[in-house]
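The two complexes that follow have chain A in common; it is paired with chain B in the first and with chain C in the second.
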Partner chain A sequence: MVAVAPPRSGHRPASPATLAELERLTDRLSRKPAAHLQVESLSIGYSTLRGRFHAVEDISFEVPAGTNLGLVGESGCGKSTVVKTLMGLQPESTEVSGRALLDGRNILGLDENALRDFRWKRISLITQSAMNSLDPVYCIGDQISEAILAHEPVSKATAWARAEQMFALVGLPAGRLYEFPHMFSGGMRQRAVIAMALALNAGLLLADEPTTALDPIMQSQIMTRIRGIHAHMRCSMILVTHDIAVVAETCENIVVMYAGKVAESGPTADVLERPLHPYTMGLKNAFPRLPIRGEPRQPLISIPGVVPNLLLPPPGCRFASRCPFATEVCHSVTPPVVQVGVQRAACHHTDRAAEFRLAAARPDTWRNMRGAA
Partner chain B sequence: MTGRQSIHPDAPAVIEARDLKTQFQGRTGIFSALAGVKPPSARALDGVDLRIREREIVGLVGESGCGKSTLGMTLVRMYQPTAGQILYRDEDITKAEGRRLKAYRHSAQIIFQDPYSSLNPRLTIGQVIEEPLIIHGIGNAAERREKVIRALELVRIPAGENIDRYPSDLSGGQRQRVAIARALVLEPKFIVADEPVSMLDVSIQASVLELLDELSRDLGLAVLYISHDIATVGYICNHVAVMYLGRIVEEGRAEDILTRPLHPYTQRLMDAIPRMTPGDSPDRIELRGDVPSPMAVPPGCRFSSRCPFATALCEAIEPALSDQTDGQRVRCHIYDDRASRAHPSLLAPKAGHITEVAEAGTLAEAVEGGRW
Partner chain C sequence: MRAYIIRRLAQSVLVVWAVTTIMFFMFRVMPADPTAILLERGLTDEARQALLEQWGLTGSLWDQYVAYLANLLTGDFGSSFLYRKPVWEVLTPLIINTLWIAVPGLLLGAALGAAIGTAVGWAKRGGKLERSGIFLATIIRGVPNFVIGIALLTIFSSTLGWFPGFGMGDPGETTGFARYMTLDFLHHLALPLIAVIIYFMPENLLLMRSGVVENRTEDYIELVRAKGVPQRRVAWHAARNSMLPLITWLFPALAETIAGIVVIEIVFSWPGVGRELVLAVTRQDYPVAQAAFFLLAVMIVIANLAADLVYGKLDPRVVYK
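Showing the complex of A and B:
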């Protein structure tokens, strides 16, 4: 077997001048405050040949500086669309309305130059598919230092030294900065992407399913790193995932999306402990859990039916067709957002949530519903 | 669906693998070939013993690349095993060919992970499910249609409105049900379900798992359920086997493996599952590096290169599967002192005694050093 030797021989210690500059850069970056994000009635639609596709409709949430927000929901609920739009990466035909205030400044609808000003500096993105977000023809170190050089007036050597720091942070040896994406395993690539997203200590980190494609062990190792890094960098983060258990471990606050709308939001512990929205209850019961020795176990219950077609969203509550507790009003009137304590839910019947929670834990509740539908 | 009890150990096996090996021959360049260098082979499956009985669901878990899917595909003879035996109802079908192989494939079916690519988009649901019947020359058109309708009923898809629709008209969960119906239409005795729910949304996963559970009970099916999602395994499996780098490192009753894992790898795999209780995450030991390549399997214990408890003994001698309580079996020197008695000069591992945690320090050091 003939193997090409990786070009790692170029690694040499940084010069005193580089080290001094790196020191100043690190100092400057570490004093960046965490970002505060406020999203107000954000709607995102796509024009298609068959009409307007309402990917996201009238969602509002807030990420206080230095906190984590978990954005959860099924595929197609619009969670990734929100993240793309916040980064200004949505396709041109997209119609966006509402506001997203990053430290008080609206970042929606900015032109390329204005976007460049805050992308990567104030918001950075960890994408789902690490292979597609790395350029196969440049070595990883070049890609990370390029991002640094684009925003900070430092020398190439300093940018490289910063990249080495970031690699240490995610647990990769500095020598591998000289390697190309194909020489990395899936988990290493994901770590490299995380290193790149952290390089400028952006105040807000958007993590779009950062571990979905990975094995459980790699997933837990990467999430542990993200949590550790987050705790020390004190940045804000939006974690987009379908895995509510990852959110439970990582995020203070949670937003549960369903078919382009927010079903429920609030502090993670409260929402998962006492869900108000039947969809959150269903999601929680559908989530497989490890057994605890000697304890009877909650049955795994699926939610019958399918997500409505967002080209022709149904009137009333979008979850009504799958909800075992739906009444007439649910099928005709859009539910108001009701504040109950620290939680908010878009449901007509939040006053009966305690009763629903008991019923939702029984498989029959959902099964009988299946027959009716 | 809350979990399953064990099947009686004396119940006859539907399918059995004995020391099964599947290797993939690597390719070599022309110069190496001229120099007579043999290309390395990937030992995807390296000596696996497994038996599945009637009405039993065996869960097979492990990281990607550990050989789970290779085992599933070898058992249904999509891959030709390099060595070892596959017994179907005590009949050796390891080398079956032609008519005998076709007859075996009649009774052994596989369901794939991705219901979006495993169904031909140009065939209707009815045609998709009918195809295996045509291949095996079963019945006339009317009889076949009846069988198709029965199979759709089994997976709870209303046949009347769906039989002439195309896969693109169905949701992911419905497509996976169609894939299951296609596997069932030949009335097999053994089914390999290779990550059947990992592409589906959480809210509908339960219904597909429930279906597998019921079918196995009602039709007496033996099922090999392959998954990297260990939590789902607890709901439908009687027995669980954990694979690492082509070998089973631990197996036993599902409840025991999930609540009382013995092998350091299984323990780490269980720790990796995020807990639903906010703020209650276990202290996780970071494993060093990645799974070694199956083209360069380390000598000794295969997990030793990443195991926090590994010692000289682990690096030199591969442990055998040893019997523990309740039929749990584990491949680790910590629970088996046969090797340490035979090789007293090599340091033996002890439970909970961490010998080296290489990478775990990196983050802490970086943070303490203030290197931001």
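Showing the complex of A and C:
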């Protein structure tokens, strides 16, 4: 461990004026309401040398103010693309259609100046790879202050004092604000990025796989912290992850994405209790559970095959080639979105979901697929 | 940090000593007679011998070398054969003249190159600014610097007549520093200074551009954009990180550029130390040539040391051991 750096020479404790300004700032920020986000038929397409394709196609979901939405799916299914597009960070040539209403105002297709109006003020981001997300030549405190100063008319000292508050919130000593990213461990960097995301109490927090780069113990610590902060700040959040267990613990609602489309969505408890889509069933089985004494060991079942090439998407259901229950219609007709109770699923056979759930729990159901696929 | 500087200084002294030694023997193995330039004045054999003795060119090479080093340690570079004056007296005004075009030229060249390079690197890929920026920089980079000088002379001196094309003007009555504070001097300074800037800028520009292009797709730039700071500020983050490779290149490159300034001094007949260096070599004025090379070596060694120290200031990850 690196020793805690002494405060930079010339640094004095905050003056009374700074403290008064900080209190006004904190008060102002704490009165920001949680944001409401409504995404309507969002499609995101890229033009490549081998043709155009849709990384995300016609997805819709809602994040009611103050709630937590889990966006899950395997790598390459378009989760991060959605997050980047909401922030306006997609590459220039990207074609975006649909709407994303943030507190009723569409935030898609804005120019850089209009984007600045809500970035970090209303939506902030916890990035996927905190290892590379911090500028290596500025100390952490400067990088957090930069975000505050860009949006709030406060002095540099006040911005720094606010950064100290945020560091306390994520459990880092204030003295380390003077340190540079390379002096932090991976977990500390992730916490610094979280502190930065919280600095302006944005109404909506986008957490893009915030724990992927960390070891399991750090992962659970960071997730516990994010949950605590979320409860404390009462903001809305979208949590992107491929860890279904994290979503089960953290999020009220879940959206399961597959190959750029929504496979299933609804309240997390219902979706994980009674999945309607075979992909959700497979995803649920593919997570390890510790054996419970006296009960049979739960086998770990993986879904055979890979996500289809989106340049040439297969006709019909995109999951059909990997689905053990696929029938003729699945390979030819795009499945409609079916509402069952509070859940929605894009599957032709939602009426047989109960039967599928039993079969999906048996490893040989998926194993027999492997030959066919 | 202090131990590091002391070690580097010791190494620097070694390098300078090596250069001095090589220079000393190189001039003396050249098959030439330094008294030749004086021969036409009807030099007798005895007088010639007396001159050689006075210049310290008699005795064994080893004795000459030891005497030279001993003098050097006391700051004595000897006397110019041609001017019959101590080398310091000959070189000091010339060094000042060279600094007038070298220091502002290199600083402005590096600063302008870095600024334009950032703009070009941050511009839309494949856009007009990027394409014309790279095109111009590459063209200028490819042109020999005497061509730049001659082109400037042709256009601004011969054709338009805006600037004088020769020397640094008439000193008139003024002496000392006041000599450089005249409009006439600045008028003469303009063209060679512009030539140095144009000569030094393109490589800075291209290096900075490639750094910015590389950095703009980094994750941390994305986060800076997400923070909602002005575009200019985002570009600054990319530029700030691109300065690191630029600095690594910049200081050692100064040495090469100083060689380029010699050419520019000759094209513009600028009475600088570079021009004198070339003349001294052709005249076999050993003390002047050796002193000039000695100064060059010292400057290059200092530039390299400065590069390492500045790098440590710019990049917090660098640790001196």
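Following the convention adopted for this analysis, the second predicted complex is superposed on the first by the 362 of 373 C-alpha atoms of A that agree within 3 Å, B and C clash if a C-alpha of one lies under 4 Å from a C-alpha of the other, contacts with A are read in each partner's own complex, and residues count from 1 in each chain.
Please note the rule applied: a residue touches a chain if its C-beta (ideal position, glycine included) is under 8 Å from a C-beta of that chain, and two chains touch if they have at least 3 such contacts.
If you're wondering where the values come from, they're calculated on a predicted model, not measured in any experiment.
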| item | value |
| --- | --- |
| Clash-or-fit label for the pair chain B, chain C on chain A | fit |
| Touched partner set for A:A195, first chain B, second chain C, both or neither | neither |
| Touching partner for A:L89 - first (chain B), second (chain C), both, neither | second |
| Chain touching more of chain A, residue-wise (chain B, chain C) | B |
| Contacts of A:V137 with chain B and chain C, given as first, second, both or neither | second |
| Touched partner set for A:L125, first chain B, second chain C, both or neither | second |
| Partner chain(s) touched by A:L115 [first = chain B, second = chain C, both, neither] | second |
| Included angle at chain A between vectors to chain C and chain B, based on C-alpha centres and rounded to the nearest 10 degrees | 80 |
| Overlay on chain A, chain C to chain B nearest C-alpha distance, Å | 5 |
| Where chain A meets both chain C and chain B, residue numbers | none |
| Parts of chain C lying in touch with chain A, wherever the complex brings them together | 124, 218-220, 222-231, 233, 237, 240-241, 244, 314-317 |
| Residues of chain A that touch chain C when the two form their complex | 87, 89, 92, 112, 115-121, 124-125, 127, 129, 132-139, 146-147, 150-151, 180, 182, 193, 196 |
| Chain B residues within the chain A interface of the complex | 1-3, 26, 28-29, 31-32, 37, 39-40, 63-64, 171, 173, 201-210, 228-232, 234-235, 255, 258-260, 268-281, 284, 286-287, 290, 359, 362-363, 365-367, 371-372 |
| Contact footprint of chain B on chain A as seen in their complex | 1-2, 26, 29-30, 74-75, 165, 168-169, 171, 185-188, 201, 215-221, 223-225, 228-229, 232-233, 242-246, 248-249, 268-269, 272, 282-284, 286-293, 296-304, 306, 363 |
